[in-house]
Every structure is written in C-alpha cells, then in structure tokens.
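Each of the two complexes below includes chain A, the first together with chain B, the second together with chain C.
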Partner chain A sequence: MDIKIRGLQKTFGASPALHGVDLDVGSGELIGLLGPSGSGKTTLLRAIAGLETPNAGQIHFGGQDASRQSVQERRVGFVFQNYALFRHMSVAENIAYGLRVRPRATRPAARQITHRVNELLELVQLTGFDARFPGQLSGGQRQRVALARALAVEPRVLLLDEPFGALDARVRKDLRHWLRDLHKRTGHTTIFVTHDQDEALEMSDRVAILNRGALEQIGAPDEIYDSPATPFVFQFIGDSNRLPVDLANGRARLGAAILGHVAPGLEGAAELFFRPENAVLEAVGGLLSGEVTHVRRQGARRRADVRLDQTGAMIEVDLPHGAATQVTQRIGLRLERVGLFAQGRRVSLLDEACRAA
Partner chain B sequence: MRIALLKPSPLPGFAPALGAALLWLGVLVLIPLAALVWRASGLGLSGLLSIASQPRVAAALKLSFGLSFLAAMLNVGLGGVVAWVLTRYEFPGRRLLDAAVDLPFALPTAVAGVALTAVYAPNGWIGGPLDALGLKVAFTPLGIFVALVFIGLPFMVRSVEPVLAEVEPETEEASATLGASRLRTIFQVVLPPLAPAFLTGFALALARAVGEYGSVVFISGNIPFVSEIAPLLIVVRLEEFDEAGATAVATIMLALSFALLLIINLVQARVRRRTGHA
Partner chain C sequence: MLEAPLHIQRDRDALAEAPALRRALIGFAVAVLALFLFLPLATVFIEAFGKGAAGFVDALSDPETRSSIKLTLIVAAICVPINTALGVAAAWAVARFEFAGKSALVTLIDLPFSVSPVIAGLCCVLLFGARGLFGPQLASHGIEVIFAVPGIVLATLFVTFPFVARELIPLMQQQGSDDEQAALTLGASGWRMFLTVTLPNIKWGLLAGVLLCNARAMGEFGAVAVVSGHVRGATNTMPLQVEALYNDYDMVGAFAVAALLALLALVTLVVKTILEWRFAGELALRRRT
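After this line comes the complex of A and B, so read on.
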C-alpha cells in the first residue's frame, strides 16, 4: 500500500511540531525517518497512524484518503518504542488480540486464530513462547512479540517508533538484519523512526531526514551520504568539516585562496562542507596547506587535526593507509566532493580547484 | 552466633528492626486481640453461637457486614472514576479535588457524621428534595450506607491511583491501532492490570466500614433491628454492664473480619498470578 502525505501540519500549543511535510512512500518500501530529538519524526509517524490529529494536510493510503479515518479504521500496524505489550496477557493472547477484537462477522474462528498466532510466532522466531507473559521476556523478545502483534491484523502499513531504541548494542545489530530480512519476506510498506543514522542508512530503502518539523532531504542512503542537500544534512550525517567562505565578485575565497568561481551576483558569507575522507593529501604548495596538530586512530582509519594556513581554522582529515604523517608536519590538501551553501541553499562551484559533489 | 536463617545483607540493623516491629505488633495488635479471644473463650463456642443467633445481634451483624460490603462495592466504581479523573486529566482545581479526597480520612468521624446528617436529614439540602420524592436517607439503613461510602472512598482512590498512574497510555493506543473500540480497550486493556489494586482498595474500604462507628451513629437513628450497627451494639451492651455480651459480639466481628480479609488476600494472590505479576 503506497502512502502519500501532503502539507501535513501539526502544532502542540504554540510550538509547531510539523510544518508542511510532503512525503511519498512506494508500496513495499522501507523508509527510515531520521532526525534529532524534537525534529517531529515521531509526531509524523503518529499522525500517519491516526494517533495524532494534524491541523492541516492529507494522508492517503493507496489513493484512499485516510485523513478522516479513526485509528481503528486505518489498519496500521504500530510498534511502540516501549513495545506497549499487554502485561496481563500471555504472548499468544497479545498476538491474538487484534483478531479477537474484530466484530463477529469478520472475526476468524478460534482455530484459525490459534493457527495464525503460531504462524506469527514462527515468523518472529518465538515458537514455544506462547504461554509466557511479557514480564518473563527479554527486551529483544518483547520487541518481536510487539511486531508479531502488529502483523497479526494484516496491516496496510507497518509503523515502528524507535524499534531498537531500548535494546543493547549487540541485540540491536542482530535485530536490524533480522528486520530487514523480515521486510523482504513479508513486503509490508514500512516506516520506522530512528535517531541513529547508522541504523537508518543500513536498513532503509530510502531515508527521510527531518529537522525542526520539516523534511530536509529524502533519498537513497548513498545519495544522502554522498550528496547532502542542506548544511544540516551534511553535518547531521557522518563526519564533516565546515569552513566559512567569502563570496565576492563571482569568486569563492577561503582566506587568500580562491576556491573557484560561482555564479555572478552571489555575494557575502557562505559555508563550505567536506568530509574528512574527501580531503586528499598533496605536496605542499597547492591551493590549501596546513600543519598537523594531532593524529589519532579511530578503528580502521587514522585521522589528523590540521590547522589551515589560509584561515587558521581547524579541520579533520583522514590519512591514507601507510602515510607516515606526524604531528607538526606540514601537508598540502586538495578537497573533493565539497558542498558550498549560501543562506542554506546549495551553490555550485564552477571550476576544478575543488570538486563539488 | 548470628542467626543462621538470614542471608548476609548489606543493610545494617535487621535484628533490632525486626525486634521493634514484632514488639509493636505484639503490644498494639496481637496481645489486645488475644485478650479479647481469651475473655470470650469463657463463653465457649456454643455460648458465642447462641449470642450470635440472638435476633438483635444477628440483625446488627447482618446490617454492618451487608452495608459495608455494598458500600465497598459502590466505592469500586466511584473511587475508580475519581482516581481516573485525578491521574488522567489536567484541569483547574485538580489539586483541590485531590486534597478533598483525603478529607473523609482526616476528618474526625463525628464531624463527618454531623455534617452528613445535616445534609441528608429531611430538612437538609439533599435530604429535602429526596424526601419530597419519598426517599428517606438519614435515620435509615440508606443513611448508614451513605456514611460508609463516604468514609471508604479515600481508601479506594489512594489504592488505585498509583497503579493507574503507572499504566502506559501507549497500551491503550496499541489497543486502538489493533482495531479495538474504546469500551473494549477499557475492559480488556486498562482494567485487568488494575484488578489487584481494586481488590486492595475494596478490602481496606470494607474493613474500615465494618469498624466505622463515629459517623454512623449520628446518621443511622440507631433503631434496634432496623438501623443499629454491630459496633454500636457493643457499646450498648457495655452500657448495660453486659461485658460478656459485648465481648462476644466483638469476637464474632473479629472472626468475620479476619475471614473476609483472608479470603480477599487469597483472591488477590490468584489475580496477581493470573495477571502475570507473579
């Protein structure tokens, strides 16, 4: 079931939580909603489920307007951050709940319900846990029960709020693969909320980045990482360096160095972003140079702090394998895949002194 | 030698604390009750039973336990709603209402009795209109019922409130996303985990109502066979210098109360197991 969201707005009291969000989700797609806390990602998810009433805007499920439908009518599967299992019901009763509460005319027979519950228990790898109570399960198991319960009603859309938020790192990693796998097998249109960028980039078909109630960028994980559309996305995803740049007379200048040309008419302050792995070491004497002030190991890579000669700004640079770079050494730098932004909008750099993404 | 039954605990002072607890429990509860039973034992079981079956005593016991039970039942609903309102909604005057719940607790029971009588008497604010409808409250068993509901309410509210506050609103939302109506959500998701708390509140309200004296004597009219409660009958017997009779009624009340609380505790243990509290 595809989802179409248009101009969704929500305010809590005086503070806006969402302003004018447009989002299209294809049928069977797995979308990660990523953003810092307070960015409105959970509000958006709850609005899709019908748990929040937006002030304006529409939500369509498969061409049908769902905006006026109640939570019950929307038939969404929602997995809550704290799982919200019914503690007084066994695992089997939890999973069967959505089928048992149906009106008599559409309620499956008891035998069918049991069959479906067993099917789902197998799907979430909890066969044999049917008689346990939620209090007797680990966090990862509860999470899977919550998922089975949501899937039991054959939802049109599956929504997950911080599905791995309350789990420890190991379990989290296992469940990520498992959920990705499950999605491949069941093919539900799925939206999940997370504040963990690794999770979003690893699991999603597409990632939607929210900031202060607005969508900053939506795209495939590679697209998000390699060509961030806004300064916020550049800084929020992965590591990046930010350098203040002056635009004057059709040129972008970093101190005395001319980085390249820009369209005439662009004047004033701008920001140049690039990732540490996109700074290439060269012989001193090129466009940019600096002095290494600190070198440290971070897992597979070595990273250096460099003070730029041109403006005195500190930047981070990844060192190539086997480079014998030492502290106090002077290095030359060439920047690749840079992003230049003036007033929050992307500006293209017109020649090759540093290559834009 | 140290008491070998105990696992070593990092908390100091177990022995003196247990000693003090047992001492107080003994001096304040067990010894007086034992004395009561000791005195009554002079009558023998047949003597007790014959006193219990005296029409006036039987009527008083029936009235006391019957009305207390009904009042506690009503408080399950009433207290549940009040606790729900206090925990779930934010409204002007909430704190005032919250404080007012404890009034029946803190008020001298005689004050409660006088106040209730004034309001529910045939010439009172509420009693007047009800009297016009042909419903007499004060000086009838209905009046006793009103007083017992009044004094039992805080027990119910304060038992249910903390448990209700712990219920995650998400479970209700989860129920809704699974297609359940509001009514079904309340009966299948919200209420079942609250059952132990309701039982506790019920037991406390019942126990309090059975023993209530001060507020009831003012509103009941104290007519033997009609609106005379068992605790009052004990006082009446004592005033007649019939100490054996008073002791007998007291012992019967003690036995009945104890049996009731025991049953409620057993039910509660069952409910807890069933609701996965273990």
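After this line comes the complex of A and C, so read on.
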C-alpha cells in the first residue's frame, strides 16, 4: 500500500509541530523518519496512524483519502515506543486482541485465531511464549510481541515509533537485522521513527530527515550521506566541517584562497561544508594549508585537528592509513564532495578547485 | 592501657534517630493512636454489647432502627454507582484531555472535601426546599425532595463525589493513554477499548475509590442531617439514628447501630489495605516493564 502525504500541518497550541510536509512512500518500502527530538517525526507518524488530527493536509493510502478516516478504519499496525502491551493479558491474548475485537461478522473463528497467533509467534520467534505475561518478558521479547500484535490485523501499513529506543545496544543491533529481514519476508509498507542515524541509514530503503517540523531531505542512505541537500543534513548526519565563505564578484573566497567560481549575482556570506574523510592530504603549496595541532585515534581511523592558514579556523581531517602525520607538521589540503550553501540554499561551484558532492 | 573497641552500628543509617529518641517517638505515636482510635472503637463495641448479645440483637430489630439501616443501604445503592460512573468520567476527562478550565475542574472535584457537609445540605434546602429556587415548582408536581429520600440522596451524592475521581486521576495520568491508543489502532471501538483495556488497568484504584465512596455514603451525617428532617422510621439514616437513640438515652441501641457503622469502616479499611498491597505489587511490576 503506497502512502501519499500532502501539505500536512499540525500545531500544538502555539507551537507548530509540522508545517506542510509532503511525503511519498512506495508500496513495500521501508522508510526511516530521522530527526532530532522535537523535529515532529513522531507527530508525523501519529498523524499517519490517525492518532493525531492534522490541522491541514491530506494523507492517502493507495489512492484512497484516509484523512477523514478514524484510527480503526485506517487499519495501520502501530508499535509504540514503550510497546503498550496489555499487561493483564497473556502474550497470546495480546496478539489475538485485534482479531477478537472485530464485529462478529468479520471475526475469525476461535480456532483460526489460535492458528494465526501461533503463526505470528513463530514469525517473531517466540513460539512457546503464548501463556507468558508482558511483565515476564525481556525488552526485546516485548518489542517482538508488540510487532506480532500489530501484524495480526493484517495492517495496510506498519508504523513503528522508536522501535529500538528502549533496548540496550546489543539487543538493538540484533533486532535491526531481524526487523530488516522480517520486512523483506512480509513486505509491509513500513515507516519507523528514530533519532539514531546509524539505525536509519542501516535499515531504511530511504531516509526522510525532519527538522523543526519540515522535511529537509528524503533519499537513499547513500544519497543522504554523500550529497546532503541542506546545511542541517550535512551537520546532522555524520561528521562535518563548517567554514564561513564570502561570495563576491562571482567567486567564493575562503580568506585569501579562491575556492572557485559561482554564478554571477551571488553575494554575501555563505557556508562551506565537507566531511573529515573528504579532505585529502597533499603537498603544501596548493589551495589550502594548515598546521596539525592534535592527532587522535577513533576506532579504525586517525583524525587530526588542523588550523587553517587561510582563516585560522579549526577543522577535522581524517588521515590516510599509515600516514606518519604528526602534531605541528604542516600539511596541504584539497577538498572533495563539498557543499556550499548561501542562505540555506545549495550553491554550485563552477570549477574544479573544490569538487562539489 | 587498652582502648575500648569501637562500637560499630551496622543497622543504623545516616537518617535514623538515636535509639532512645526512636523508641520515644514510636511510643508517643502508639499512645496517641490508642487514646483517640482504639479506645473509642473498643468503647463502641463494649457499650453495644452492654446487655449481652441478646440486647445487641434486640436493639437492631427495633423497627425504626431497621428502617434506618434499610434507608442507608438504599442511599448507598443509589449514590455509589452514580458517583462511580461520574468519577470515572471526570477522571477520564482530566487525565486524557487538555481543555480550558481543566485545573478549575480539578479544584471543583475537591470542593466537597473542603466545604462543610452542613453547607452542602443547606444548599440543597435553598434549591429544593419549600421556599427554595425549585421547591415550589417541584411541590406543585407532587415531588418532595427536602425531608424525603431524594434530598438525602442528593446531599450524599455531593459529599461522596470526589472519592472515585480522586483515586483515579493520578493513576490514569501515570498510566498514560498508550495502551488505549494501541487498542484503537487494533480496531477496537471506544466502548470495547474501555471495557477490555481501560477498566482492567484501573480496576484496583477504582475498587478502592468505590469502597471509600461507599463508606462515606453510609456514614455521612452533616449534609444528611440538614435535609432529612429526622423523621424516625422514614428519613433517618444510620448515623442520624445513632444520634436520635443517644439523645433518648438508649445507649445500647445507639451503640449497636454505631457498632454496625464502625464494623463497616473496619471492613472498608482492611479491604482497602489489601487492595493497596495488591496494587503496589502491580505498580512495581509495571515499573519494571
């Protein structure tokens, strides 16, 4: 079931939570909604489920307008951050709940319900746990029961709010793979909310980045990481350096160094972004140079702090494997995959001094 | 010369008082309790059985006393279900929705606790009495409120309103509405959700509230005294009957009815304690989940 969202707006009191979000989700896609806290990602998810009423905008499920449908009519599977399992019901009763509350005409027979519950327990690898109560399960097990309960009603879309938020790192990692795998097998259109970029990049077919109630960028994980569309995405995803740049007379200047040409007519302050791994070391004498002030190890890589000669700004640079770079050494730098932004908009660099992403 | 070995007190934490002070404080608390609670309670039962068990039974089989017991049960049977429903509704509104005047509503729910019951009774008289706001109209339709059962019910309703709501509001606020929303996404209707998810989640708190509401409904004196008119055998509830019998110097009769009321209080207290104990276990379980 594909989802089409147009101009979705929601305000809580005076503060807007979503302003004008457009989002298209293809049938069977796994989409990660990523953003800092307060970015509106959970509000968006809840609006899709029908748990929040938007002030404006439309939500279509498979061409059908769902905006006016009640929560029950939308047939979404929603997994809550704290799972919201019914604690007075056993695991089997929890999973069967959505089937048992159906009106008599559409309710499956008791035997079919039991069969379906067992099927789902197998799917989430909890066979034999049917008689347990939520209080007797670990976090990961509860999360899987919540998922089975949501899947029991054969939802049109599956919505997950911070699905791994309450789990410890180890379980998190296992469940990520498991959920990705489950999605492959069941093929539900799935949207999940997360504030963890690794989780979003690793699991999603496409990642949608939200900031202050607006969609900053949506794209495949590689696209998001390699060509961030906005300064926010550049800074929010991965590590990045930010340098102030002047635009004047069709040129982008970093201190005295000319980074390249820009379309004429662009004037004023701009910002240059690049990732530490896209700063390439070369001999001193090129476009940029600086002095290494600190070198540290971060897992597999070594990273240096460099003070740029051109502006005196501090930047972070990844050192190539085996480089004998030392503190106080002077190095030359060439930048690749940069993003140049003026007033939040991307500006193209017209020549090759600095290669744009 | 050998130094005295250091005395290490393992069972004393930093906040504990010195043993002597501790014993004094506990002793004082026990003495106060004994003087103001256990002693009067014992007196009630001693007086009630002053003429033996036969005297006690005799006193309770007096027709006027019988009638007062019956009236009390009727009033409680009307007020408790109504206030249970209203209390759940009020708690639901406060815990689940944001609306203008919410804090005013919470304050109003507490009003019957802060207002003297006598004033509640007087308000009833002012509204429904013979020269009250609605009294003449009601009287012309042959409806008696004041000095009759409806007045007693109204006064009791007012006084016992807060108990259920007060128990449920913090409980429902703490539980949040995720469980209920989960039920809705699974296709449950609102009513179905209430029966299968909300009610089981609040059942212990609700039961505690109902018990307290019932105890007060049966034991209310002030508000009922104003509106009942003290017609023996007709509009006297048990607390009023106790007073009437006492004023007649019928000690055994008065204390027999009082003993029944005290018994009710004791049972309520015991059941509520058991509930809270159960409830604490469930809450602890929830905290782990």
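What we mean here is this: the second predicted complex is superposed on the first by the 357 of 357 C-alpha atoms of A that agree within 3 Å, B and C clash if a C-alpha of one lies under 4 Å from a C-alpha of the other, contacts with A are read in each partner's own complex, and residues count from 1 in each chain.
Convention: a contact is a pair of C-beta atoms (placed from the backbone, for glycine too) under 8 Å apart; a residue touches a chain by one contact, two chains touch by 3 or more.
Quick caveat: nothing in here was measured; it's all calculated off a predicted structure.
After alignment on the shared chain A, the placement of chain B and chain C results in a clash. In the overlay built on the shared chain, the residue A:80 is in contact with chain B and with chain C. Shared-chain residue A:97: touches chain B and chain C both. In the superposition on chain A, A:142 contacts chain C only, with no contact to chain B. With the contact threshold set out at the top, residues 49-51, 71-72, 75-78, 80, 82, 84-88, 97-98, 101-102, 134-135, 149-150, 152-153 of chain A are in contact with chain B in one structure and with chain C in the other. Touching chain B in their complex are the following residues of chain A: 49-51, 71-72, 74-78, 80-82, 84-90, 97-98, 101-102, 133-136, 149-150, 152-153. Across the complex, chain A is touched by residues 178-179, 181-189, 192, 196-197, 200-201, 285-286, 288-289 of chain C. Chain contact summary for the complex, chain A toward chain C: residues 49-51, 71-72, 75-78, 80, 82, 84-88, 97-98, 101-102, 134-135, 142, 149-150, 152-153. Within the complex formed with chain A, the chain B residues making contact are 168, 170-171, 173-181, 184, 188-189, 192-193, 274-278.
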